[in-house]
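In this document, chain identifiers A, B, C, D, E, F, G, H, I and J correspond to the written order of the chains, with residue numbering beginning at 1 in each.
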Amino acid sequence: MSDSFRDQLEVFENPNPQRNFSIEHHCPEFTSVCPKTGQPDFGTIQLTYIPDQMCVELKSLKMYLQSYRNEGIFYEAVTNRIMDDFLAVVKPRQATVKSSWTPRGGLNSHITVTYPNPE
Amino acid sequence: MSDSFRDQLEVFENPNPQRNFSIEHHCPEFTSVCPKTGQPDFGTIQLTYIPDQMCVELKSLKMYLQSYRNEGIFYEAVTNRIMDDFLAVVKPRQATVKSSWTPRGGLNSHITVTYPNPE
Amino acid sequence: MSDSFRDQLEVFENPNPQRNFSIEHHCPEFTSVCPKTGQPDFGTIQLTYIPDQMCVELKSLKMYLQSYRNEGIFYEAVTNRIMDDFLAVVKPRQATVKSSWTPRGGLNSHITVTYPNPE
Amino acid sequence: MSDSFRDQLEVFENPNPQRNFSIEHHCPEFTSVCPKTGQPDFGTIQLTYIPDQMCVELKSLKMYLQSYRNEGIFYEAVTNRIMDDFLAVVKPRQATVKSSWTPRGGLNSHITVTYPNPE
Amino acid sequence: MSDSFRDQLEVFENPNPQRNFSIEHHCPEFTSVCPKTGQPDFGTIQLTYIPDQMCVELKSLKMYLQSYRNEGIFYEAVTNRIMDDFLAVVKPRQATVKSSWTPRGGLNSHITVTYPNPE
Amino acid sequence: MSDSFRDQLEVFENPNPQRNFSIEHHCPEFTSVCPKTGQPDFGTIQLTYIPDQMCVELKSLKMYLQSYRNEGIFYEAVTNRIMDDFLAVVKPRQATVKSSWTPRGGLNSHITVTYPNPE
Amino acid sequence: MSDSFRDQLEVFENPNPQRNFSIEHHCPEFTSVCPKTGQPDFGTIQLTYIPDQMCVELKSLKMYLQSYRNEGIFYEAVTNRIMDDFLAVVKPRQATVKSSWTPRGGLNSHITVTYPNPE
Amino acid sequence: MSDSFRDQLEVFENPNPQRNFSIEHHCPEFTSVCPKTGQPDFGTIQLTYIPDQMCVELKSLKMYLQSYRNEGIFYEAVTNRIMDDFLAVVKPRQATVKSSWTPRGGLNSHITVTYPNPE
Amino acid sequence: MSDSFRDQLEVFENPNPQRNFSIEHHCPEFTSVCPKTGQPDFGTIQLTYIPDQMCVELKSLKMYLQSYRNEGIFYEAVTNRIMDDFLAVVKPRQATVKSSWTPRGGLNSHITVTYPNPE
Amino acid sequence: MSDSFRDQLEVFENPNPQRNFSIEHHCPEFTSVCPKTGQPDFGTIQLTYIPDQMCVELKSLKMYLQSYRNEGIFYEAVTNRIMDDFLAVVKPRQATVKSSWTPRGGLNSHITVTYPNPE
């Protein structure tokens, strides 16, 4: 099922591949569903990357993130899956995906995945 | 007595152990009791870690932190004890526990414990 | 049981009863227990009043509010009960009790009770 | 279809109907769908009321608001419909529903409906 | 020339004309041109109204406000002209237009126009 | 003893007694001593008034407020006493004294005294 | 000397005298000199008015306020004098001048003058 | 066409070329046009550099940035093009251009270009 | 005289000397006296340290800091003296004392002392 | 002319020259004159240093910074000149001067000079 989400990501040619410049997209309107309780989760997805030959197209990123709206998936899993899909399609030099979630049971959580893998 | 608290922590399998990604849980609703005055203390517990094979289950973390509600324990001791319990059960690659306390006598305090032990 | 809590409130003589001046006490460290789930609730209690012949003694107010720590009681009920106890003991000219609660299930709530009863 | 949403709202008996006290619930996790574009909308619903004989049960309010997750409906319509449902089920003395929406096309909007109807 | 701008405003039928509810649209991305210096001005337009039989359509409002992008017009004039156009097309029961401008020469300005005319 | 403090307040002639204009002085550096515990209290004093024939001289107000540095006095009493001294020396048309205190025992307090006495 | 400052204020014709709309100018860069100590004072001047037949020209207002840069004048006097000059030249229907000053000796002050004179 | 924009940038001689000091200019009033939709984009441009023999003249920088007002250009391209023009004209030792954009479709973006090229 | 202040600091045994964890105490209620003008100074003292065998007891720290209430001492001297006393009594592995002072003459100051001495 | 300003800076003996501690003074009330337009500029000067044998006396620093009140000088020049004067008189081990300016033409600027010269 992950692959079908991934297909929504589109790219355009990096206009300045000779530079290591960074691009940051914030999505404060992310929502998915808790697989255990069936209740909706709400969070912010922050994606930062240094493009190589391709940049992610902004509207396709929006559509991709909307795919999770009715998907049952845990915090840790969705953050890693967004990274996997982004790496597979956009092939950046570096990337970070950070998710920040509204409180559940008095606890609020943040997950951060980085590529390449930090030591 | 510490061991019985520790038993409340539950884990699930890390879905991405091949990555060093970080997980951060904030609990702004922590309360324990001052062993000297018998008065309640109020604070925020912030737990950040890089999981190895296991992640802490969020609801069990909430229940574990609630165990301190009527426990008489000093700031320094509770912060270290949460770290000890977390290391024993979750066995992370890295972890930080930070507690921040509301003012008492015009002073407010913050304790930070890190694993592995910084030089 | 309410009466025994009420007994903790102590008063001192209003030093300036000839004036209608206002006194406001904020307690950001209030906690009680949800009678339905058994889970702790956390909130801020804000008490504002115009004293008549008596003012509430600050330390006794603190002890009174701490009485709710292990008491199972709903948001609406606790706010009204604090008002009832305050009116019975301190007999103010005017009073407002406002409670503000941390989020539960993505909803956060505020209850406001005023004396005399607004039309 | 509105009626089936409305059925999710549950009430409990107002513990203090002799007072005109106010209750305020904030839901910063509201989402519905734009009927024109099919794109999700995100906003905060703020409900304030003076109860008469009944109060709205908090968990049922959460479930009721979640019903709009995949419902195509305009800002103005959803705010009025929440008011209609609330009035029909909870029968308050006074009520205000305010919705605040994240920006679309550089514009962000707020709708406020009040009962009884202001002159 | 004003009339041609005005033609961009579109309306839809007020779904709840039996109520006096309020609608507020904020546009923090407004820009026009100073007729004296030819330099661009930047501001926020805030429009609040109680609709009668019609509501302003959001996208047409955006296009209408964009019409001023290369228009030379003073702060006071543009705020009044937006009100004139809005009254002519949407015919609200009440309306307020407020413009807030970024600093020029160390001074920042705010203009507020209200309908009906306050005494 | 109050009278000796009062003697430190100096006035100058109101340059515009034909107008009812307001003057507001904030002192965020106020400290006195709790008469019960002997511990220092810290707060902000906010004085707002409409002068009649006299205005308070700013440096003398500073010296007057510093007089309380080692004075044992309760929150309610000091706020009323500052009002009494101010009325006696400056004879304003209207005045408000508000004191806001740092937390003690998890409670922070605000006292507001107004002249003439509100009904 | 006041008259020469006043001469710097210029007006333009109110484009909408049929409406009672409000204009607000903030000048956070105001500075004058304390006549007692010779030290510079720094503050914000906020001018709000409902124009009658004339509006104040923005650049002339800036130049007028700069006239005080090396003028020795007290807080109360300068606020009233700005009002006097504004009334004499611009002849508004209503006006408010508010000055807010950076701290001196731990005290910060705000002066507010209103026309017509409030009762 | 880029060259004609670039011609607007003017320089003056660095008064202290013996030091590596930094200069930062923020422009919160930047606007260009989306080449895909024809809709205006709004953002902040932040330029930081260590000058070598020349500094950029502030007014010419303002005029240069205004050139983009009616230019259709993507976020990534405009940020890189500003860097190219700045390097060509001002020849700094180091420079960073950061653009931050208001939300579109619920996503807001930030682009950062650095010279010399980071590894 | 310094030694007598120092005697107020009390310690307790570090419960976890095997770890290098940090403890931070903030005192926003510090006051001393300017030795030149005799006027009170107000500031915040922030103490951060890694304990070795001892931790400072919180109430004794409060009493120690209160000793400066009527002591004439400069900003730089008091910050260094607090460090000297803390090192002598608590013998930490590392420590930082930072003082932040309210404005005097339009200037506000911050002093930071670190142990061991940074190169 | 620079030398005459410099003469206003006075020093006192560093009470703790054996330590590398830092001193930070903020002056949010700085004003000079633009040499091109003759208009006043407003900014904040932030001075941070590690003293060697001398510390700058606070009141003399205030008087020194006031010298620029009617001096025509550019942002870059004044920041470097303050550093030159400070180095010549106070001879610190390290120092940073940062100036932050209110917006002109929609641009606000920050200049940072560091000693010793960074590579």
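The definition used in the following text is that contacts are C-beta pairs under 8 Å (C-beta built on N, C-alpha and C of every residue); 3 or more make two chains touch, one makes a residue touch a chain.
Since the structure is predicted, the reported quantities are computational estimates derived from the model, not experimental observations.
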#### Entry: Both-way neighbours, i.e. chains that touch subunit I and touch subunit F
B, G
### Task
Over half of interface residue numbers shared between subunit B and subunit I means same, under half means different, so which is it?
different
### Task
Fit subunit G onto subunit J over the CA trace and report the rotation angle, somewhere between 0 and 180 degrees, nearest 5.
180
## Note on the structure
Set D-H beside E-H; more C-beta pairs touch across E-H
### Message
Counting only Cα atoms for the centres, state how far subunit B is from subunit C in Å.
### Response
31
### Query
Centre to centre, by mean C-alpha position, how many angstrom separate subunit A and subunit B?
28
### Task
State, to the nearest whole Å, the distance from the C-alpha centre of subunit G to the C-alpha centre of subunit H.
37
### Summary
Per the C-alpha centroid definition, the whole-Å distance linking subunit D and subunit J comes out as 56
#### Entry: Shared interface positions of subunit A, touching two or more other chains
28-29, 39, 42, 102, 105-106
### Task
If every chain is a node and every touching pair an edge, decide which shape results: line, ring, star, complete or other.
other
#### Entry: Chain-chain contacts as defined at top
A-B, A-C, A-D, A-H, B-C, B-F, B-I, C-D, C-F, D-E, D-H, E-G, E-H, E-J, F-G, F-I, G-I, G-J, H-J, I-J
## Note on the structure
subunit I partner, complex, touching residues on subunit G are 39, 42, 102-103, 105-106
### In the complex with subunit C, residue positions of subunit D that touch it
14-16, 18-29, 55, 58-59, 61-62
### Task
In the complex, go through subunit E and note every residue touching subunit H.
28-29, 31, 39-40, 42, 66, 69-70, 102
### Message
Under the stated contact criterion, what part of subunit J meets subunit H in this complex?
### Response
74, 76-77, 79-80, 104-114, 117-119
